[in-house]
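Next, two complexes with chain A in common: one pairs it with chain B, the other with chain C.
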Partner chain A sequence: MSSKPQPPSSSPPPNNNFAVAFCALAAARTWLSLTGFSSLLDHNQLVSSPLTAFSNLKEGIFLFNHDIDPYSGGSFRQSPLLLSLFTTILPSSSKPLASLLWTLNDVVGAYTLVQIWRSRQNVTSSRRDTLVAAAYLLNPYLFLPSLALSTSSFENTLMLSAILFACKRKPSQTVFTLSVLVQLSLTSIIMVLPAMLLLITDPHSHLASPQPIQTSLRKLWPLFGEFSLYTIVLILISTVIAGSWTWIPQTWGATLMLPDLTPNTGMWWYFFTEMFDHFRPFFLMVFSVHLLIYVAPVCLKFQYDPLYAAYILLGILGIFKPYPTLSDPGLFVSMIALFPETYQYMRHPIVTLLLHLHAALLMPLFYDLWVVQGAGNANFFYASTLVFACANGAAIVDALWSGLRVAIGETPEGYVVVQE
Partner chain B sequence: MEQERPPSKWKNILDKLRNLGQISPDKTRRTILRRRYYVALISRRLTLIEIILFLIGYLWLLVLPLPRLGQRTYMDENALQPAQVNTYWNWDDVHAADNYLDHVERLRDNNITSAKRAEWLQTELGKHGISASTQNYTFSTSFGIVNGTNTYAILASPRHSGTEAIVISASWISRIGEGNGTVNVRGVSTVLALAGFLKRYSHWGKDIVFVLSDGYLEGMQAWLSSYHGTSQSGLKVDPLELTSGVIWTALNIDYSGHSFSHLGIFFEALNGRLPNQDLMNSADTIARYTAGVPVILYDHLDPEEEPAAYEAPWWLPKAIHDIKEVRSYLYQAKNVARHIGYQYNGRGSGVHGLFRQFRIDAITLYGIPAMGPHGFHAIGRTVESTLRTMNNLLERLHASFFFYLQTGPRQFLKIGLYLPSAILISVALMFRGLGTWVNAGWISANHNSKDGALSKESTWRSRKRPITGTLSVMIAMHAFGAALFALVSSSWFISNIETLAPIAFLTAFVLPLFALVIPSTKSEDVAPMHMILKTANLCLTSTVISIITLMNFSLAAVLAVVLGIPLVISSPSSKMSVRIAKYSAYALLALGWLLFAQQEIVKSVWSWQVLLVWFAPFVCIVYVPLVLQAGIVCLLQP
Partner chain C sequence: MRLSFFLHLVIGILSWSWAAASTDSQEQIVKDFFDKNSNSNNEGSTHTNNWAVLVCASRYWFNYRHMANALGMYRTVKRLGIPDSNIILMLADDVSCNQRNKFPGSVYFTPDRGVDLYGDNIEVDYRGYEVTVENFIRVLTGRMEPSVPRSKRLLTDERSNVFVYMTGHGGNEFLKFQDNEEISAFDIADAFEQMYQKKRYNEIFFMIDTCQANTMYSKFYSPNILATGSSELGESSYSHANDHDIGVAVIDAYTHYVLEYMENVNKTSHASMQQLFSYIDPVKINSHFGVRTDLFTRSLDNIRLTDFFGGVAQAEIVSRPETDNTNINRIEEEEVLSERNITEAHSRPRLPNQQTISWWSYATSPQYKQLRIWSSLVMLGGLIGLVFSRK
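Right, the complex of A and B next:
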């Protein structure tokens, strides 16, 4: 149980161990990114969606460099911020260089996750650091999209940075990172409330002692104001970069209107390929609003531990967002490492694990049967994404249960805890 | 009065609504008791459930060939219209084929080099006014260097732009004896004569590609991979000078005997894949009704159609095999066994098998060697009419089945009728795995009492189930499997296989014995490692079997039979001698192939290096570790 912060370990050996292990992990990832393995993933729809694919980014950069509006076609759907980044500061012309850049991004993400862990425990280093870093760097759901150079890896790092800034009580940095994140992916807007709650409370584990939130919620208003300000400024900057407003329907609009039905690991594409056109606007609205309805209940229930609320919402985003890649559920899976106090109360971890194992094997197999061999069809792949959604759903349900269950503690002999 | 009544009515409804959300403690109690009852019901009967699942699964595998289980094949794609055209292949063309046969036989008898032969074939194809070319290839593998020369020609479609193509092929070496060197003389002659014949007609809407590949399988693999622009380590191949459109279907002709009595259909592709069933059904219909040739599966004669050729098995009393159903069962069982034999190791049943990796549906028409009555006339008409049928296609073959179990030439099982057999066995494994996991989590409080049977009042304490040690053992075993594969596929090992295989067996046998020194868990509050290892091993095996069913059903069925019961019964023992004996049995099951199937090792490694068949790496990296882990479960201290 780590409801109480662990005493800071002052001995240097664990710290050195972490540095060595972290460097080894980073080196292993660098080696992996430079092997030819990544070329197998170039056109794989599991690891990059139309909104995050590297090939689309390259096309956008090419059009942009040749003075053609990249948003006039239907293929480039990334934010103008990424466009400006990759045309000016970070040239991505060579594949090895880009691979290194993506690996570096993941290493930063892993270090951020370790920092979040440390600030949750209120220590400067702990024995678990290496495990937390490994949970991020060795998670196949995270490193496969990164090997395929999907920009969803950057979204994950931004998400973790925003949470870390919130843990460290740095309002401006948090809010700015969040508004950049929302520029890249509109659905991340549901993470704004938990991140701000985290900012006005603290990141330590209060799962064992639930209580109404102590701080006044009025502190949120200036934060929301700042967020809106940054967002408006970033919108204006994006418009200046893109030269017109056309980027909005092509990037944010795609999230809401789902123009590209390329199969992915999420729940949306199949539903909308099957849908009659006159129902489309209604169900687009339902699916989009459905993402929002989780924010308030989860934040209310876990108001005493906003980091846990953020974790649950990230899991929900991983299942239900319109254009997910494997890295969205992957972030949730890696974040499980932050909450060891809930492990002993999980009800069915082995079932969740086996569901994930089945889904992780079935998805590439059915994708191959459908798209490569032509022996299967879309239903095969959709069935496997349903298994994947069940796996993620089981993980979230268990996370919710165990997160609430911590508060009750060990049950005396002859007592059972039930859910009503 | 008027005022009182409505409020009381409303109050009732409101009370009811309020009570809806609330659950009385009594109801909760009942829920808990009911849940416990069902959990106890299942966990007490877990062994019985498993035995039932195993029994149904194994019985299901046995009843697959039952004649009443399957259904008749039927044409699904309406565009195909098989056997609906007049054929023009006639005795002139048969004469042309006979002339080619003389030349080809001379080529065979004079031992002419591949390059010279290809040159002659190219010239002959060119004489028909078709653009023809040759292609050299070299495979460097652990077996040394294999090279040869393919010949191919492309008949441009007179009616279309050539965006799609059909392949007619014949390999130089026939499939007789798995490519032991019999030359496919009449197959090659048929293709040469067909090239001249087909050129004369203008109804082709697709390019027709004639491929005369060298060797048995390797030539076609080289040709196909350069046609589709894929690269493969160890393969050096000339780029193709002539190309055509997307190949949709292919027909491979294998006819080496003097004449043939039946046309045999071979269809299994590499890595457990199958061509669309419509292609087989078309060929079957056309051969029967256009050419008048009986069609069989492989070279198995149907006892009902050919009673003369049927030999009753010696072990079956005459009274029983006189029953028609029994004879049909035995015949279909023979077909299923042959199918499993071709499919489980991923090697397929011939040259047609190489096409499916590029999404091309292909079969081989095999003339069963006999002294009559059919010859070039029948095979020419069959191929001509099948080409006309394939020419009708407007999109790739997609309507009919890709997942089927052919029990006869016109009899098959749908996926829903054969898949559950292996799945049920894998479910039984999963149940045992989860049951072991649950058992590992609890310990009886009066565990130390020597009463034997536990009293009813015995209380249960939960205990920890650490997984890191188990996971490291499993990762080590799979890494060990990868190392074993690297060794087995090296040229050094292959060239000295007779001496090195027993040494490899001994090494692989001795290494897992390290498990003997893993100390048993001292504390009673920690689950013993053998339970956790058994859980992980069974769950992983179950997952592997159920996933493989869709890639390669035969492999999954073989795995279910070989791994099912042995993995479930693995358990430690207190006696050292029993532990070693049990482990030895598992090690023999895991690694016995190193001692007893050296010829198979050579074939599997060859298929991996030349045809990219993943059976060899699968056995080393997945199968061997799974069985050895069951052995380690026995070695660990109880």
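Right, the complex of A and C next:
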């Protein structure tokens, strides 16, 4: 697995292999979504959060169709754009059609990931395409929320599309996709900076040759302006859909104020369950600012390879988001397929894998023990989510180390690389 | 200045007298409702809700039957429709989880152990050492610390029928609580009088199953109390059945026959108190039970068992009343407004909600939601097309 970019005019490896394999994967996913397995996940809180659950979406559609403002209560917290799409063109009442839609969304996401990989390698096709597509389509962290029809799958696809447009140097499309993504999930705003840096540089792997950013940062200003413009237009469109401004406190406000403390795979809910009201505003501010403080350091450190910075920030988003589902860290785990140059420098991949296995097996178990059977308590489940956060954290730390280590290269005999 | 004071006075007197008149008419409406639903000679019930206070005042394992008495009454009363929120159950001891109970978690009241009175759906409000004379009187009179929770309060009102059942060891005009204190018939009579003064009951049915029980109700002096006891002065009340596995008597005779009769009663039953009392045979229970009816206006034939044992009340569906209420509200509003007009030099305009219907509220009204959705989708599509057509 060399990281040398191949010249684009070389004879491509058999492309139809990838097409066949991709179609097989897509068919397998379609078959899986149409079996009854997805009904088991309907009320699972690990794969969908109050902001993304399909049942909440249906509730909002029902309220909307019955002339009740869906944002007047606390059950519907999705963006008005989704509300408008699902009340008109997209299927919500028919489960098989909705499953097909979500599978199509995942197929698009997988194809986008493959295209990102290809543009990183600067080829039109490579031997690893199938592996990358499989890393996305077969990742349980990603297909379980998709089976449960959680709208976080759409957020993942939009994120990958934004990154792809940035790789392809298409400024308007990148910025527009990002502003649609921010409409769906406010915390994705931290991805704006790395995506824009990716736009003005290139997606190719420069991990081996760190240098300060060459292009002028002045180019970012018009991009930010365009992003703000699109955001304002989308806010206005959303307000027209919702009929009032109440959607803002219900959707974005939920991310900032955490009104719903349903247990999920994240770190916020337990803290705020046991917090006294006196301290709540302060800690809400702390947790929100905590997400923001990672943007600048990561982008500064990986200014020569913004795709890697985006990758790291996606991992951080997966851990510290207010209402995560499994698909947020799942995207990070799948994107590891894009960076094979870092594999040999990872220090503890086995530990990370085992932590992930530990958490992935125990989280649903402890949740069932606590909520369904009543034999355990919240601490069991919270401990397993802490292990999950440790697993993701270990993955990020290892990714950071290996990403930086690539720059140092092979060490001669007798030398050891240490971290000061 | 003098004119304003005079006008204030006139308006005050007018509004007070009008309010007084209107409440009288409201009373009349209520009375007509109850009269309409009662049978002849206006002897139907006039209650709207039912409450029950069930007290077992004795502790220790050998008083198993007293616990079973109270729990049997609890079960009957719940079965006939009184909800847990309207039942105050006071058990001085926990026999179901007693170490001597061969069937832990269960309380039986028949030797064949057919029915478990304890189960997993009972709500004991006062348990163990909380069952004291003071707490019992506080429950009846409603004079409690503000911190006492709602489930421990008797929140009756003027139209509540209250069923008070007491069982334990008693004697001439006293009932023993917890083996260390006693409540006298005078205490209970005074508590009921307090309830009467504070309009905390419509009618009370007092039942007591102890030795020399009839003495306990001899001192009542408040109206609308029907009382019954299991034995006369000088007589003991006997237990009914022993269970050889549990090792103690499981039910008292008087209560057993009452419960046995109540098994055939359901929520729709019209069975009367007279029928219940006719069923109980003084020979079989080895004591002369008594009934005190002099404080009660209705005759025993006209009192249904569900008036006290069940949560059944009169109801009828009426059409919306004529605009008496709306007239009342409007008159009140106009009076307030006119008062304000006098006190201030200028009249304040009404809230402008209903006047200017802006285009925004027009556009957000429900009939335009389809238009909004499709127009916003068109806008979104246009935006997407615009964005993706750029380089």
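Odds and ends about this structure:
Criterion: the second predicted complex is superposed on the first by the 410 of 420 C-alpha atoms of A that agree within 3 Å, B and C clash if a C-alpha of one lies under 4 Å from a C-alpha of the other, contacts with A are read in each partner's own complex, and residues count from 1 in each chain.
Please note the rule applied: a contact is a pair of C-beta atoms (placed from the backbone, for glycine too) under 8 Å apart; a residue touches a chain by one contact, two chains touch by 3 or more.
Because the structure is a prediction, the values reported are computed rather than measured.
Upon superposition of the two complexes on chain A, a steric clash is found between chain B and chain C. Residue contacts after overlaying the shared chain place A:Phe176 against chain C, while chain B stays out of touching range. Contacts of A:Val418 after superposition: chain B is touched, whereas chain C is not reached. Once the two complexes are laid over each other on the shared chain, residue contacts for A:His358 go to chain B alone; chain C is not touched. In the superposed pair of complexes, A:Gln211 makes contact with neither chain B nor chain C.
Look at A:Ser94: by the touch rule set out above, it reaches neither chain B nor chain C.
For the superposition on chain A, the stretches of chain C under consideration are 40-48, 94-102, 184-192 or 328-336; the one running into chain B is 94-102.
Of all the residues in chain A, the ones that touch chain C in their complex are 64, 67, 80-81, 84-85, 87-89, 170, 172-173, 176, 230, 233-234, 237-238, 240-241, 243-244.
Contacts from chain C toward chain A in the complex involve residues 363-364, 366, 369, 372-377, 379-380, 383-384, 387-388, 390-391. Residue ranges of chain B in contact with chain A, taken from their complex: 23, 28, 31-32, 273-274, 356, 359, 396, 398, 402-403, 430, 434, 437, 459, 535, 539-540, 543, 546-547, 550-551. Interface of chain A with chain B (complex): residues 350, 354, 357-358, 361-362, 365-366, 369, 372-376, 413, 416, 418, 420.
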